[in-house]
Every structure is written in C-alpha cells, then in structure tokens.
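Common to both upcoming complexes is subunit A, partnered first by subunit B, then by subunit C.
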Partner chain A sequence: MDFVVSQILTGLSLSSILLLVALGLAVIYGVTGVINLAHGEFVMLGAYCAWMLQTQFGWGLLASLVPIFILIAILGWLIEVLVIRHLYDRPLDTILATWGLGVMIQQIVRLTAGGELRYVQMPPSLSRSVNILGATDSAYRLFVLGVALALFALTWFIYSYTSFGLKLRAITQNRSIASCFGINSARAYRLTFAYGAGIAGLAGALISPLKSVSPEMGTTYVVDAFMVVVLGGVQSLLGTLVSSGLLGEISGLLAYYSNDTIAKALVLLAIVIIIRFRPQGLFAQRVRA
Partner chain B sequence: MSGKVSLQILLYGVVCLAILLVPMVIDDAFLLNKYSRYLVFGILAIALALSWGYAGILNLGQATTFGLGSYCMAMYLKLKTVPIHTGSDGLPDFMVWNNVTELPWIWEPFYSTPFALAAGILVPALFAGLLGWFMFGGRVTGVYAAIITLAAMVVVNLIIIDQQSYTGGFNGITDLAQFQLFGFEFDAYSATTYYLVAICLTFALFLSLAVTRSKTGLILQAVRDQEERVRFFGYDVAVYKTFVFAFSAAIAGLAGMLYTIVMEFASPTFLGVPLSLSIVIWVAVGGRQSLLGAMLGALLVTGVQGALSESETFLDTWTLVMGGLFVLIVLFLPNGLAGAFETIVRRFMPAAKTPTEQADEEHAKGTAQLGGAA
Partner chain C sequence: MNNNRRTFLKAGAAAGAFTLVGFPHIWSKNSSLAYAQGGEIKVGVLFSLTGTTAIIEESLNKATIMAIEEINAAGGVNGMKIVPVIEDPASDPATFAEKARKLVLSDKCVSVFGSYTSASRKAVLPVFEKQENLFWYPTLYEGRECSKNVIYTGAVPNQQQDDFVPWLVEKFGKRWYLIGSNYIYPKEENNYVKKLLAGLGAEVIAEEYVPLGHSEFSSVINKFRSEKPNVIFSTVVGDSVVALHRQYRAAGLDPATMPMASLTTSENEVAAMGGDAAAGHFTSAPYFMVYDSPENKKFVEAYKARWGSDKVTHFVSESSYFQVYLFSQAVAKLAASDIGPLAIRDAVKGEQYKAPQGLVKVEPSNLHCWLRPKVGQAQSDGQFKILKQSADWVEPNPYSAYPDQKCTEEGLKQI
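On to the complex of A and B.
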C-alpha cells in the first residue's frame, strides 16, 4: 500500500511539473497556432529570476512568484510585438523564429549569469515532509501540485466563463470573422502570448528548488511539454490536464522499473504510435495542422 | 525551359569543380581537414533542403540521422583498430572499462566493410522511413511533424548516452582506425580525404537535383504548396513524403559517415540540438528552396564561425549574433540568400524573365498569401 501511494505521489509530482510547463504552451498554441520553441527558455528565465531574487535581494521563493510572472509576461509581450506578430500566416517560420530567440536568450543568460549549475532554496515553511496514507512526500511537491491545479483552474475559468475567453474561442474558430465582429484579435493574441510566457516563468520558478538551474534546462522541459500537448490534443485544455497526469504517472512507473531514459524513450514511442492512429490527440475533436 | 535547366546544371557543375580543385591550391593538411568538415556540413544542408525546401517537412532533428551514420562508421572503424588496446578478444576499450565480456550482437556485423558502409546509409534511412510512415500516415504535418522529429532526436541522444557499454556513452567512440577502401588510405589530414568528401558532395548534390527534377520532385513541391489538392488528385501523399524524408536521411547518414572519417571520432553531440539548429540556420541563410544555396549557406556560415572561433569570447558572442541573424532572416528573407540573389538578378536583367517564370512568380505570390509553407 505504501509503495502504491508513494509511486502515485511520484507520478503526480512529475505530472504537476509537466502540467505547469505544458499549460502555457497549450494556451499559446491553442489560441494563436504558434509553436513556441522559446517556451523552454521562458521556463529557464523564470528559474534564473528566482535564483537572482534569492541570492541578490534575499527574497523568498514565494514572495518572488508574482514579480516573476509579471516580468516574463512582459518579455513574452515584447517578443510577440517585435517578432511573432509578423509571422502568423507562416506557421513553420514561427518555430524557426522562436527557436532563434531561444538560442539568443540562452546565450545571453550564459554570458551574464555564467554556465554553472545554480541552486534555489526551498521555502523554509514548505521544506518538511508530509505523511499521506503511510507514504511520505515533501510538502513542497504537494504545493507545486496545488499551484499547477490552481493555475489550470484559473486558465479554464478565463477561457470558458469570461467575456475575454469567449472572444478567444471565437478567434480560435475563425480569426477573420471574429475580427469582423469587432474583436481586437491582435490584442487578444498579444495578451495570450504574454499570459502563456508568464505561466512558463512561474513554472520555472516553481521547478527551480527541485532541479538544478542551468542555461540548457529549458530544452528537456519543452520537449516533454510538447509531448503532453500532442498527446492531449491542441484544442483541449482538459486534454492537457489528463495527458500530463497520464504521462507523469507512466513515466514515474517506467522509471521505477528501468530508468528515466528508457522511460522517456518508451513514452515517445507510445506517442508516435498513438498519433499514427489518432493524430488529433486523445481528447480533441479536430486536428489543427 | 530546357535552357534554364542546363544553365542550372552548369552552375552546379562549376561550383563542384571549384570545390574539387581546392587541394591544387592549398597544401596545408590542417586547412584541408577544416575544409572537409565544412563540406560535410554542406552535404547535411543539402539533405535538409530536400525535405524542408522541396517537400515542406521541417526536420528539426536532421542531426539524428547524421549521428546514426556517424556511429555506424565509428563502430566499423573501432573494430578495425589494431591492436585493440585492452580487450582480450578484440573488444573495444570502452567495453572493457564497462565490464562487457563479449562483443554485443549489434556490433558483430560491423566487421564486414560492405555491411558497415550500407548500414551507414540504410540505418538512418530506415529510421526516418519508419518515423515518416507513422507521422505522414497519420497525416501529421507542419509544426507537429517538426516537433516530433525534435523529440525523436532528444530521445535517441539520451539512449546513446545511457547505453554506455554499447555506445561509449557520453564520451562517444574515440581512438579509431583510419578508413581504407580499394587500397586508398583516408588520413583525416590529407587531400585524399578531402577528395572523398568533395566527390560525395558532388554526388549527393546531383542525385538530389535529379530527384527534385523528376516527377516525384514535382509532386513533392506540389505537396509542399497544397497538400490537400495533391491528395484529391489521387496521389498517396504519405508515400511521397516518407520517401523524401528517408532519402534525405540517407544523405545525412552519408554525411555522418564522412564526418567520422574527418573528425576521427563519433560523439553524442553529433545528434544534439545545437547541431540540428545549426543545420536549419545554414539552410535558412543559404535558401531553403535551392540545393546549391543551402550548401553554400552551410559553407559560408561554418566558414565564418571557424574564422571567429579562434577566440573563446568571440565564439560565445557569435552564437548570439547567429541567433539574431537567423530571426532576421526568417522575418525578412524567407528564401535566404539564394532567394535574394534571384530577385536581384531578375531586377537587373528583365530579359531573363520569361513568360512562364512570370506566371511562376504570380503563382508563388498567390500561395504565399494562402499561407505558404503550411
């Protein structure tokens, strides 16, 4: 019993990280159709911001979450205005442009903060462990899970129940007709991109105490997050939630029996096979190329 | 039309000839080795231009197939090493360090030269063919396909690093014998190796040109511009795309084999994200819809990089500059330098514009507005 619970908790912890990173990606891709390959770098920047605020200014991690969200969101907003905006009718080129931006961000961080691994302190109030049904888990991991779910709920609420969300859904279905009805789609895209970037930054900050922080950390996260989005289906926020849960649990289980690398390879193999037969993802209604 | 084709073949031929003549002028073994490396990258750029520029498949993991080819060659050359340093039964040194007692079965066939040479081309092609069949059969296109190629590369890279006792892990396969074929010995620092690479480059370039000029090539370009319409005409789009994907992988595998000969080792970094990104950048700079342009783009970018890499700080800034340049090219020069060159030629030589070309241009404008590369 202990084993089952602790295995589920390990999986849930993996899932929460996946969900945090994939959520921003799914929002941006679902609304604007842009694959943001710089997403991993937003995550990395969030983690570096947490590190910097902690070492330079002595801020606790919890206190720096909101400033980090705002900071990275502003960066995302700028990138949308300067680059992405010009590429909405060339989807493949958005991949390239965001990839190039990612390289630049990575290199700037390497040149300014150095290439060494950095470590971020866990908030002291959360650095104990909690007993759940006989298994122990760190309180911080549960906190991350809670934040991930809360952010998901918030995004879900905005998307489904606010008038802004209604406009977003209209734009997703048909941008030009939505514009004809007076929806400012350019502004909606900008806000979406900024929001997605902000969530990525938040994800990075939350991950930073669990993993080491380095300029290259973004790449692995972004690939994993894409797998989540591909598996869940792009038009479906719920799909993102379920598939990150699924992938997290499966990776956790496979990693227990072999190791992380084999787990990753098997998961990718499964995804490639699944999209052969369900290209639209497990939970979406229609495919968007 | 036929005049234009022969002009193109002439242009390609002149460039290849110029490349082949380089050792007549330069005698420095170190420089020749460096140039051979650039030429290998040129082959790699041709491979990507084929799948990306002609079929619209943006392969973000082109380095995967490059690395597979490179490892095949390294395994072959490793077994040729005499004396194999520590092993009792001719085991490669890193296996002994990892307590492997007998040669793994995957390594066994690499004693045979024909097998190893074929494997360097076929293993990447099969890998890409399989991946392509799953992707294109499932009608996964555009950005999705790009992401999956990227993910596949990350995973293959992880596996190679993880399976240390079979692949040498993080260190790769080093300390290789020299490649020998038909009595020639290909020392990495010699004109012989340069010629080998240059001839392979010429071969790859003209073979690819032939493919793009064939009916298959035309259908592929049609798929790139309007996939649905080609499907409605009754063509099996997935087969064509899988073919070009595997073909491009085979060329990349060839490049990988040559790279091992030139560098004298194979390493997991050959399948890394940075190299893949570089390939995309070369092709974007040179012009994705021109095989020659893409190849020259690779030579230009790696050449400049090589010249700057003398000092460490320069190299760091170079990555930054390269990223910025890449973003600018994507924004303002989607067809790269080759596209810019063509535009300039047309502007200053209006006579060069035939009615068919004008129609082509109108058509190109039309598709660009419809959403081009999608």
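On to the complex of A and C.
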C-alpha cells in the first residue's frame, strides 16, 4: 500500500513541476499563438530572482514568490511591447526573436550573476518530510504540488468565468472579428504574455530549492514544457493539466522499474507515436484559423 | 649475404652516431632553440573559460597561472621564465583539439597543461601523440589509458577506492546502491567498485545511470527508500549532483544511516549545493582544502590572496598547481639545449614534489602519480572533515579493473 502511495506521490511531484513550467507556455501559445522559446529563460530568471532576494536581502522563498511573479510579469510585458508585438503575424520570426532573446538573457545573467551553480534555501517550515497513508514525502514537494494546482485553478477561473477570459476566448476564436466587436486585442495579448511570463518566473522560484540554479537551466525546462503542451493540445488548458499528470506518472513509474534514462526515451517515443496519430494533441479545441 | 647486411647496418649505425657526436649543432640547435628561446620557455594553458564546464576549469586555470607566477617570481627555471600561452577551448572537445594543435604547432609550446573532462582529453590526445608533444592532465579520471605523451596527476580508481570502500563497508554495511551519470567515467569507476565489493562479500543491490544533466531524482530517491541500501555510491557529476543532494535532503533521508559516497564531490560542488545539503556525506580524494600541512597552508593563502578570499581550492586545482612544479623540476634537470617535450617526459619520471596533499611522485612506468588518498566527510560550513588518511602514498594503476592488462614503459601489455 505505502509503495503504491509513494509511487503516486512521486509521479504527482514530477507532474506538478511539469505543470508549473508548461502552464505559462500554454497560456501564451494558446491565446497569442507565439511560440516563446525564451520561456525557459523566464523560468531561469525566476530562480535567479529567488536566489538574489535570498542572498542579497535575506528574504525567505515564500515571501519572495509574489514579488518574483510581479517582476517577471513586468519583464514579459516589456518584451511584448518592445519585440513580440511587432511580430504577431510572422510566426517564424517570433521563434527566431524569442530564441535570440533567450540567448541574450542567458548571457546577461552569466555576466552579471556569474556562471557558478547556485542554490536556494528551502523554507524551514517545509524542509521536513510528512507521512501520507504510510508513505513519506517531502513537505516541500507537496507544497509545490498545491501551488501548481492553485495556479491552474486560478488560470482556469480567469479564462472561463471572468469578462477578461471571455474576451480572450473570443480573440482565440478569431482575432479580427473580436476586434471588430470592440475588444482591445493588443492589450489582451500584452496582459496574457505578462501573465504567462510571471507564471514561468514563479515556476523557476518554486523549483529552485530542489534543483541547481545556473544560467543554462532554462533549456531543459523549455523542452519539457513544449512536450506537455504539444501532447495536451495547444489550445486546451485542461489538456495541459492532463498531459502533465500523465507524463509525470508514467515517467515516474518507468523510472522506478527501469531507470531515468530508459524512462525519458520511452516517454519521448510514446509522444512521437501519439502525435503521429493525433497531431492536434489529446484535447483539441475546435478553433477557426 | 646476411653477414654483409649486418656489417652494413653496423657501419650505418656507427656513421649515424658519429654524425650525432661530430656535428651536434645541426641537430640540437634547430630543435631545442625553438623551445627555450631568449631565456623563455613557452607552455600552453588549455582550460575552458567559457561554456558549460568553465566554472570548474576557471579554477584550474587560476591554479596553473599561480604556480607559473610563483616559479617565475622565485627566479624561473635555471634563470629562464615560464611563459604561459592561454587559450580558451570553450568547453567544446573539437575546439580543444584545434587549440591544442595551435599551441603545439604554431606557438611551439614545450608542454600543455589542461582540460578537465575525459571527452576533452580524448580529443586532444591524438594531437600530442602525433606531434610527440607533452600534455599534463590534472583531473581524477577513469583510468584505462596508457599514453606516453600525457602526465596524469589526478587520481585513478584504485587510488580513490582501495581505502575508501572497505572502510565504508565496515562502518555502514554491505548493501550498496550504485548511481551514476550515464557516460564512461561512472561506468569504469563502478567496474572497479564492483570488483572490490565482491572481494569484501558485499552486495550491489542496484546499478543505475541517469542522463547527463538530469535534475529530477524523485524516482531514484523512492528506490533508496524502498531498497534501504547501507551506502549509496554516487558517481553523478555536474549540476545533477546538486539536484541529487538537495532532493535527498528534502526527502528527509539521513546520511547517518544511508550516506552517499562520492569520488567527485569536492569543495567546489559543496559550495554549489550548500553545506546543509552536503553535510554528512563522504568523499575520497587525495586533497581537501582543510588538510593540515605547511605546503597546503601556503597554497590556500596564496590562492586566496591572488584570486579572492571567497575562493575555494579543491583536489583538481591542487593537482593543476603541483603539476607545474613537477614540470619545472624536470626542466631544471635539463641543459637548455636539451629542452624538449620528450626530454621533459623522461626527466619527470620518478620525480618527487612536496605538494599540498603531501609528497607525490611520478610513476616511471605509466606516467601517473603516486598520491595520498584521504576520506573526508562534508560539513555544513562547506568544508570537509578528514576522517582517514592512507598510511602511505598509493601507487597508480590505471588498469586496476582489468587484471590482464598493465601499463608499462613500453606501452600497454597483455598479461
């Protein structure tokens, strides 16, 4: 029994990290259609903010979360205004531009904060393990799971039940007709991009106590995030939730029975096969192009 | 016919010898003056200053430069200054080979100090073997190499494990979990540890490899929990080692009953993961920053004075430092006209030096070094506590996991 529970918990923990890094990407791509290759760098910047606030100002991680969200959201907003906004109808150019931005951000961090690996202290109140149905798990990992689900719920709520969400859905369906009805789509895009960036920053801050913080850390997460979003279906929030859950549980299980190298290979193989037969992803919304 | 041929050969050899004795200038001037010109000896320094391994290789570059500066400040080698030619191979094996070629062919360096990863060493090896030059490699590595153009000053598996593994078995127990990054170094170290464990009657309950750069260890930690090994033998490297330690600690596992034993976790890695995550785990290495010797005190003080008081020294920077001294001792034995890569190699055989870790010696047969392994336990202040030292220096055996092979002065021999 405790084995089953601890295996499920391990999978959930993997899923929660996937969900955190993928959510921002899913929001941005789902609404604006921008393939943001600098997404991993937003995650990295979030982790560096957590590190900086802790070492320079002595802030605990929990107290830094909201400021980090705001900081990275502002950065996302600026990037949208300065770069992305000019490239909305040129998908190839946005890929190149965001990739270039990512490289620049990486090097700026390397030049200012240094190339050394960093770490962030775990909040003392959460650095212990707890018992759940006979299985032990790290309290911090459960906390990350809780935050990931809460963020998902918040995003879902904004998207489905607020008037802003209604406008977003209208824009997603057809931007020009939505604009004809008086929706300020430029503003909606800007806010979406800022929100997505903020969530990515938050993801980086939350995973920083578990991983090493380095200028290159973002590149692995952007791959994971794309995997989740592509599998889930690019315009479906629910798809992102389900696919991160699936990927986390499956890779946790495979890693337990074989090892992480095999697990990674098998999961990628499964995604390739699924995409071959269901290119729109598991949950596709019908959208007019 | 046979006789005639023999006489002819003898005559030829005599003529050759006569040429060498009779007109030494023709030979020695051309070749040696290129290496020791105008009171200067040029050496290459080949550590990545950019790219993924720059963090650690920068510290090796610093230790090398510091040793060269010290030797020059003390009057140089027989009055000649050592002049470093510094190149940045950018953590890329292909660039390593290209820069090595430049240092050897166009800069005419008499030796090159450099590289950290096995991949980069393998990339430069053909350059030094083909050009008959000399490469000085400071990193601990997996062994199984017998080049006559490399001086290896880092530890090989038998030097780090012979004392360490039996001590851990006695102290903690016989159920061992082997976890490593998925490439050659961990596999070779594991080949040797499995051999040692079999001899001790201990059991390997799992041998597992994670991809390089892997940072999610929750499944692995789950297995630690259910398998309950006595010792986790970790050859995980790079940023993965930080993630593994931090997640181990977050999971609430206890190093007092299930410690991780590592051959690569130095002060440098501990600084990257935080003392709290490293505390209680063990490392075997020839050198720790806290080691108490007059030579080490001088080394650490000089290093901090030169590069900053927050800097740490570790076992690869220490060997980067002492190998320059071995080089200068070998050069000092040679007449200026004789200085050349192979002459230096032959002169350094059996050479001894009082390094920060203790007296070390170059083994003439395989060009690796006799070193003084120690066992350290990481403390929460980021330093190690030395719990055990080998009674004497330990002979290097790069083929310790392969008893039918031996590295000799003539090259690799099958036994």
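Assume the second predicted complex is superposed on the first by the 284 of 289 C-alpha atoms of A that agree within 3 Å, B and C clash if a C-alpha of one lies under 4 Å from a C-alpha of the other, contacts with A are read in each partner's own complex, and residues count from 1 in each chain.
One rule holds for everything that comes next: a residue touches a chain if its C-beta (ideal position, glycine included) is under 8 Å from a C-beta of that chain, and two chains touch if they have at least 3 such contacts.
Computed from a predicted model, the values in this text were never measured in an experiment.
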item	value
Partner chain in contact with A:R187 - subunit B first, subunit C second, else both or neither	neither
Which of subunit B and subunit C A:R276 touches, first, second, both or neither	first
Which superposed partner A:T220 touches (first subunit B, second subunit C, both, neither)	both
Contacts of A:K264 with subunit B and subunit C, given as first, second, both or neither	both
Which superposed partner A:S127 touches (first subunit B, second subunit C, both, neither)	second
Which superposed partner A:Y140 touches (first subunit B, second subunit C, both, neither)	second
Touching partner for A:S6 - first (subunit B), second (subunit C), both, neither	second
Intersection of the subunit A residues that touch subunit B with those that touch subunit C	220, 259, 261, 264
Of subunit B, residues touching subunit A in the complex	56, 58, 60, 131, 134-135, 137-144, 146-148, 150-152, 154-155, 158-159, 161-162, 273, 277, 280-281, 284, 316-317, 319-320, 322-324, 326-327, 330-331, 334, 369, 371-374
List of subunit A residues in touch with subunit B within their complex	35, 83, 86-87, 89-97, 99-104, 107-108, 110-111, 219-220, 223, 226-227, 230, 259, 261-262, 264-265, 268, 271-273, 275-279, 287, 289
Subunit C partner contacts - residues on subunit A that touch it in the complex	3, 6-7, 10, 13-14, 17, 115-119, 121-122, 127-129, 136-138, 140-141, 209-212, 214, 216-217, 220, 251-252, 255-256, 259-261, 263-264
Subunit C to subunit A touching residues, read off their complex	52, 54-55, 182, 208-211, 213-216, 218-220, 222-223, 225-226, 239, 242-243, 246-247, 249-252, 271-274, 276-277
